[in-house]
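Residue numbering begins at 1 within each chain, and the chains themselves are lettered A, B, C and D in the order written.
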Amino acid sequence: MSIRFCGLELAHPIINGSGTFDAIAAFRVFGEGLRGAFPFAAYVSKTITLEPRAGNPPPRLWEAPAGLINSIGLPNKGLGDYLLEDLPLLADMSTDPSGAGDSQAVPLITNVMGSNAEEISRLLEACDERPEISAIELNVSCPNVHTGLDIGADPRQLEQVVRAVRGRTGKPLIVKLTPNTADVALCARAAQEGGADAVSLINTLRAMALAPNPLSRPPRPWLGGVTGGLSGPAVRAVALAQVAAVAARVAIPVIGMGGVQSAAHARELIDVGATLVAVGTASFLDPAAGARIAAALHAGTAP
Amino acid sequence: MSQAPFGRRLLRVTSTDELGAYRVLRVADPHGPKPRAGQFAMLAAAEHWGGGREQRPYLPRAFSIARHSGGEAHFLLEDVGPGTKRLCELEAGDRLWALGPLGRGFTAPPEDLRAILVGGGVGIAPLAILQDAIAAPVTVLLGFRDRAHAQGATLLDSARVATDDGSVGHRGLVTELLASEIERDPCAVVYACGPAGMLEGVRALCARTGTPAQLALEAGMACGFGACFGCAVPRRGGGYLRVCLDGPVFDAGELERIDEHAGLSEVGQPV
Amino acid sequence: MSIRFCGLELAHPIINGSGTFDAIAAFRVFGEGLRGAFPFAAYVSKTITLEPRAGNPPPRLWEAPAGLINSIGLPNKGLGDYLLEDLPLLADMSTDPSGAGDSQAVPLITNVMGSNAEEISRLLEACDERPEISAIELNVSCPNVHTGLDIGADPRQLEQVVRAVRGRTGKPLIVKLTPNTADVALCARAAQEGGADAVSLINTLRAMALAPNPLSRPPRPWLGGVTGGLSGPAVRAVALAQVAAVAARVAIPVIGMGGVQSAAHARELIDVGATLVAVGTASFLDPAAGARIAAALHAGTAP
Amino acid sequence: MSQAPFGRRLLRVTSTDELGAYRVLRVADPHGPKPRAGQFAMLAAAEHWGGGREQRPYLPRAFSIARHSGGEAHFLLEDVGPGTKRLCELEAGDRLWALGPLGRGFTAPPEDLRAILVGGGVGIAPLAILQDAIAAPVTVLLGFRDRAHAQGATLLDSARVATDDGSVGHRGLVTELLASEIERDPCAVVYACGPAGMLEGVRALCARTGTPAQLALEAGMACGFGACFGCAVPRRGGGYLRVCLDGPVFDAGELERIDEHAGLSEVGQPV
């Protein structure tokens, strides 16, 4: 079931969605044994920015019908500390999809975000120097940060930015598209024209929730970040439509995600053209969801 | 911390009991590691989780492990919404998904300090297993809204009770009992879990009196294992802590003022 | 609880979403009594086009997590037969929100769609002549028809079209926006600048489903129309975000909809700025949903 | 058509029984109007409708009224997915939401024509109430996949049965029985309900032999009362008909070739 993706050799097609699995935290909680039995074929980091970010004030979560709204706000320690402290901890992970002990390396994909080409260039250059990093995912789609949305939603701007930063790294560059746009396939083509090696989608849909108190007038938003992003089963049909639309219009590989909870769901994204499938919110229900899905895909069963 | 097995596991309910306004759920967990006091588990009913008019719950829910013995974990539940409602419906033989034990538990008191356990409402749950774990006698102060809830006090030994309506024990706040306890004998360490208002009262009081305190916090959680960054509470001096990973038990000194989202919310009082 | 909306006097703020309640069919099924106890304060017709349309081939429905995907394809008898046959049947409806017998007229809002300004102009002119029609809703958002999407998703084009057709009717003109756009508030402003008297949102989110058979390779889309639109509780948080964003940016009234199933949900849309709330998919679960929600809003309770 | 009360109503299950591979659900509906044979209702369990891994069902489901007597409506259910599974779990005392009776039912046969009722699988349901409604003796031909399903035949009187595996009655298709019946006595009117393939077989046979036929169709439905336009089937001569409003019973002549989406789908054979 081994898969080639942008020159990487992956044990299976299931990876994690950025920001939905903290491998370092998972080692603390579940033990170092996880390092040799990692649930994902590649590990995508949470979004890293140049400067450290604390993230949004709580509350950051709201449970929606068959979904989750988050307004996390990209907390991260910033590029410098990420490279210094986290990278060593993220090296040497491996996965054992068949459970037969023939484990395979888990490449690290670092997800980065910057508010303009200059910032992104610095992020790419820094990542480019580090052998622990196998590929870079550029987040142009986070709905919680204004600029992220704007760059990614406008094909022209997106193409310019990707073209401007493309030369800064020789590593594979994945552009993570925003779903909050009129024609995601146009954005995907723009990323391809700009030089992206792959695109990934969908990120979360812009969403909102009010505090659940009909008596405390005036009404107020529940989330500390006011709006958030919707993920989980509720968005799966939207993801399928967007992934299909993109895969039909680009020549580069596509990482599909959005609401995947089972191997059948992963298979559907692959059916419409995805090369890899990322599992996000489903990991919150079960940290081993990725492993279960990969195993079921491997076995050809569909649970 | 006790490390959790990787992946959720399917467990069987062995018995359920009413305890006043609460429900005690006992679950067979023969292969689960022994939890530390203050740790919690993420639970979800195996059948009929979600749906209905609001189409919730979708995510699992966090519950303190209230007791652990003979390969059984006990939970104390209060029905405050769709997830707890469904779990309260479970009967012996039903199955649920569990992930855990999770989080950082309480640290045992130094030999020379008396432990005062301060609980509010369903927040008494982690204090029960803490009392089991501490060899020395402890002082137990529990606050409830009314008589039905105060029946939860029987989960612990020799508890002194305060109720909002005065129907059982002291009429007033459990922090009032705590204040006079600390005044009487300041050589104590406080362990507290309960609504945000109570925890903030405990924190402020202990800060004022220089009493060490460990506070078990709540926060809305999606994952329980540090993956989502959703359970943030402000860290003293800036930034945020993850309740599920850095807590749920914190030294009071690690925390800022405890706001409404960080305690066990009162029933019918959605924050 | 009587509400003024674009010069109309409505018994309460709950109306139907276009295409989710066929009043004429309902009279057949539930009897003429319904005419005096209509669940909605105004009745919005299904989208009418110049020429008759048969709609998309079946299957047209797919049940999604907490939602519904439809690919109905705007079947309608065309403008001529609509005016000739349906209008007389839609006159004289009334609603009795308090159940106290003080019934109030149910104005008719005709929803129309055309693929260019010329077509839309003809639709508006024809509607303008008919006293049975109290207002016109212009659908620029249907995800099943290519042009509908394009006009509505691009603010500039939208403004031009609305401005071009605006003069063709003296009746209130509501523009129904598409949610499948990068910045719906920009589109709403464009509609306002073009002369719209109100905007309504959200229409369905573009979505897709595959036929549920892992064995019948190659995989194929389930819906006869290939893609469809997602509605119901799954989209409510997206609707809330879009309605809030629009209401904050326009001066004209807003009709909010998307996933409303209860008075509490309707109240939230009103809280973020909607004047009226439309109930769509919830009527499929219970044709009386609109009446129940209006009554609960009226009573100030929140079931 | 019998008009339905406006709005869904909450009804109580009075009893449930296994009938081979099927389940018979009886529901007290004291105030509901008497349905015509061939009409249906939209049903949803009042509790635990939805959720689970697939987060379905969300919409109500359509079921033929299989019988109506003493203020009770009977339904024949086959568990083929999350909605029917939940309804099959219901027990006496449980409640469900119902809307109906809906749709256009069967039209009684002219005096001089013998009625032949042809059912396949769970599609036998509306034929039971039809048999109740027709005073004259009728011919009943029912097709099932195997013995467990064939037990459903006891819902009707004097049925002749065909099974795919030959375990009960004729080995083969029920349309084969129909063909020889029509050959034996062509003065008949056919009433049929079942999988698309069977209905198409009946339609084609009746068209060939000039036998009048009324076919009860299925289609995925969201509303059941003409609101969503989701239940379309091609109309002979172009355009579409709404199964819920214009049907579910159609004169065979109104219809085009019946495709896979318009019959009661076979279990485990999702179309």
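Things to note:
The working rule: contacts are C-beta pairs under 8 Å (C-beta built on N, C-alpha and C of every residue); 3 or more make two chains touch, one makes a residue touch a chain.
For clarity, every value in this text was computed on a predicted model and none was experimentally measured.
The interface holding more C-beta pairs in contact, when B-C is weighed against A-B, is A-B.
As a whole-number value, the distance joining the C-alpha centres of chain A and chain D reads 47 Å.
With centres defined as mean CA coordinates, chain B is found 33 Å away from chain A. Look at where the CA atoms of chain A average out and do the same for chain C: the two points lie 35 Å apart. With touch defined as above, residues shared between interfaces to two or more other chains in chain B number as follows: 50, 54-55, 58. In chain C, the residues that reach two or more other chains under the touch definition are 62, 64-67, 233-234. Taken as a graph of touching chains, this assembly is complete, with every chain in contact with every other.
Partner chain B is touched in their complex by these residues of chain C: 66, 233-234, 261-262. In the complex of the two chains, the chain D residues touching chain B come out as 47-52, 55, 58. Those residues of chain D that touch chain A in the shared complex are 53-55. Across the complex, chain B meets chain A through its residues 1, 3-8, 44, 50, 54-60, 97, 99, 102, 219-223, 225-234, 238-240, 242, 245, 261-262, 270-271. If you check the complex, the residues on chain C that touch chain A are 62, 64-67, 69, 149, 153-154, 178, 180-183, 205-210, 214, 218-219, 227, 230, 233-238, 240-242, 244, 259, 264, 267-268, 271-272, 302.
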